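In the two assemblies presented below, subunit A is common to both, partnered first by subunit B and then by subunit C.
Our next item is the complex of A and B:
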């Protein structure tokens, strides 16, 4: 009776595994995450990059977590308009010790909201022809899509087959498969037809309204992570962020790690270095350089185990003289390579330091002295600007 | 004396298309009905819904069919259900059963139709 049964679930799973296996190295194309428009990697090296493996390595994950930042008040626990009501803000009078403990607990809770979206290569869009029956060609004007709605089939291993008008029976393309999942297993906010905001005129509107986080959250809920559409969409969003230098829109969200990785794997650090320099975060700048050097290890450019953050940055700027123009905020164009970053750090930190209650005035002074010493040591110049800042500060202190 | 029987267990059930939908919008559920001896099929007598069939093509020019394959196999294999011809055609197209003879006939009729249309249209041009 059963001349040709459908794939059993086991077979389907096996086929899925085979489909998702990485292709052999000789045939593999460059990673989809390498974008020739912004990439500074030489093509030979870009060919060998295995983005998935690099992204999941513990060292990279740790650096990315560090770089993501955790802005509790303005980003992670900010008030949002969501369907499930948020807890109301709660005010309490507490001792310093309890305050610290509470902040620690909130930091831990925040890590839950900052888990990275898995970074995947786009899946293979091939189908398998199961039967070709020319005798029933033209039996209908439209094709038939058959979906198995068995209770125990999951969204991934559900059998979906298509009978074409020419009489051949084939497995569904992943796009059709996902669409059938959306048709028969509806979820709230996952409409069958792709929302218009994921394609261009409306995408740009959303980005103009600074709704990057909302857009990316919805995209990763709507698409599978290895969907080519998801990958191209996130690349588009990242590219536009880089073009407008609007890193703040995704900073300290779960998407920032992927954005940092995207820039690091394309060896295009200057925009992000400038961003962190403007925030006055020297250690973040250094971590970024560490990340980039761990993705593309090179013994000639390796970081010494005792190198300070400052030294790492200094070396990076020296090694990448081609970025001199772009690294405006990190290094100014004259011979003082690291002057810019110090300027960034001091100019952003100084006003905040003055009014920061947690840092004593002595701490501020120490910090500035250190910065000054670094500068004079590194540049062999007595920079008037830094001296002026220091003088102002000491005046203020007295 | 009148005896109460369970229609789900009695006799030979049948699988067929049940027309749902509304005016100008047909939609079929693939349903299991009790034995013919228990009377005509009606909406309240449906034992189990094992799939659906949307006969109007969508904007991708697809007709969507959903089949609960495990349950259909159970009703056909273990309960020896009688399957109606339209459902047999769908099951044939899905690759679960051999293609139904009526599909071959339909295919030949349609191709003949289109060929005669072409022949009729050619002299006009």
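Our next item is the complex of A and C:
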């Protein structure tokens, strides 16, 4: 009889736990990934954004993959301090052809290491009281945590319940759940207590030493991706990167896609556009604008299917200035940012042009517009043609 | 010279007092009486180790005095344990060089104890890094470094602390995500599971050994048949 009672209680408990786990985001306010401090999205629209759906759409994933570079030597396969000493180095002598093949294979392998961290909204922190047994209230001064450590339970669906001092039995909060995972299933570099590097002042200290990748790698291993702590930590790191314009620290790592998405969903592209412009990557700049417009589709600002990269960028510059005037807060810094993009692109793409770097911003823009008008604009003119035209134009002007 | 003589005489007095059977705490000389074990003092037994803080240690490790003393090499490089016989047969490392009162109990203290400025601390990762194996976060063997047990344990503790404070970075194992766990609408299979350092050169550059036809004069000599058909051959010989 007693045994039967115990079983039925256990079953009920399991059923309750299963029932309560998938309830994640029924009552959702604005996305946690929209940061009002850096956002340029109007609040009404920000309410409707479903960041998870947008992040997983194939188009966005493709653009993010394209925007994440693949620097094999300095980023993906750079030397890291390992845990066990390596026995010996391997040197291989190969022909040029073989070398190229090997590098191609390395590129393919590198794509596995650029898998994005899943972007999630913070999980719900509610717990469910399963049973209140008043007769055992005050049985001890501390809580009891019961953890299912049977073989078939995974870290996600493990049953963890807590017997409170007042005799009530409740399901564990996600923090307690994670902590029990860390206690019973020890992994290297996953201590039970949160390492000090994930909070200031040591966080800032690590960022000052450009250890962004190490920090984010460890954070995504240590925390669950829907942990509010992980999300706030990522946002802190990204905000500081944006503030210091230090995009190079995460470029061509698995975290860069999330950073780009974070900026795009907040409609704050200029810093990143500047970064790509300084690298001289016009097509990446255009992809960024494409990404932004696919997140916030608007038929008035849609990109034509035959538009070249240069035109997309130029349209974005025009629309952005007009938007700013409409809104009535012409942030001069942002405008100069946008002009700076074009300046950056020109100065890196055309070193032979003897482009005057001290040229004022308006001069720069006028110069480009003239060049743009001067060039006989066809629909699928590629960038090389435009650059040729630009070169002719300057020769003509001089 | 005078100070040195005084300290020796005091040490003699203290040992004689110890032998007299009195309590240690009563006979413990103060640092002013026993003297300080500054870096220029060669025989340090019975002297107190001067106390310095971490800022002083960091500035010392940048100073010219440090460079002159250690020549830019790890601090344990120029240290040699005093033992009789072969390296492999050396006695186990000593438990501590500085006793609980802060005095040296040996003359030839270990490379960390002997320098007045040096002690392991996570805020100075440069010193900890000198005691790690190349390219790893594993400390060197205790006999190779010549450290005492106490300092070696402190090294392990401060190394862990330095890692957790982000002062010493390391290769975090790569976490593979299965997106189907995180998004109910995701249907795509996850790609291959990878791990950092799991990629070896033979994987990406398969270079199998090729068996070339070599000149083998001993092929088809049927050596293996010799003893089987020995009787026949032997008969022939007869």
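One rule holds in what follows: the second predicted complex is superposed on the first by the 279 of 398 C-alpha atoms of A that agree within 3 Å, B and C clash if a C-alpha of one lies under 4 Å from a C-alpha of the other, contacts with A are read in each partner's own complex, and residues count from 1 in each chain.
Keep in mind that, in the parts below, a contact is a pair of C-beta atoms (placed from the backbone, for glycine too) under 8 Å apart; a residue touches a chain by one contact, two chains touch by 3 or more.
Keep in mind it's a predicted model, so treat the numbers as computed, not measured.
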Discussion item. Once both complexes are superposed via subunit A, do subunit B and subunit C end up clashing or fitting?
Written reply: fit
Discussion item. Going by the contact rule set out at the top, does A:243 touch subunit B (first), subunit C (second), both, or neither?
Written reply: neither
Item to complete: Using the superposition on chain A described above, determine whether A:184 touches subunit B (first), subunit C (second), both, or neither.
Response: first
Practice prompt. Would you check which partner chain A:145 touches, where first means subunit B only, second means subunit C only, and both and neither mean what they say?
Written response: first
Item to complete: Scan A:302 for contacts with subunit B and subunit C and give back first, second, both or neither.
Response: neither
Worksheet item: When the two structures are overlaid on chain A, which partner does A:163 contact: first (subunit B), second (subunit C), both, or neither?
Response: first
Worksheet item: Of subunit B and subunit C, which one contacts the greater number of residues in subunit A?
Response: C
Item to complete: Look at A:132 in the shared chain and tell me whether it touches subunit B only, subunit C only, both, or neither; answer first, second, both or neither.
Response: neither
Worksheet item: In the superposed arrangement, which partner chain does A:118 touch: subunit B (first), subunit C (second), both, or neither?
Response: second
Response to the item:
After superposing the two complexes, the shortest C-alpha distance between subunit B and subunit C, in Å, is 19
Discussion item. So subunit A touches subunit B in one structure and subunit C in the other; where do those two contact lists coincide?
Written reply: none
Discussion item. Give the list of subunit C residues in touch with subunit A in this complex.
Written reply: 132-138, 163-177, 179, 181-183, 185-186, 191-192, 194, 196-197, 199-201, 204-205, 207
Discussion item. Show me the residue ranges of subunit A that touch subunit B in the complex, using the header's touch definition.
Written reply: 1-6, 130-131, 133, 135-152, 159, 161-163, 167, 169, 180, 183-184
Discussion item. So in the complex, the part of subunit A that touches subunit C is made up of which residues?
Written reply: 52-53, 56, 77, 79-86, 90, 92, 94, 98, 102, 105-106, 109, 112-113, 115, 117-118, 120, 156, 188-189, 191, 195-197, 202-203, 205-206, 211, 214-215, 217-218, 220-221, 225-226
Fill in: Residue numbers on subunit B that touch subunit A, as the complex places them
51, 57, 61-71, 90, 93-99, 103-104, 106-107, 110-111, 114
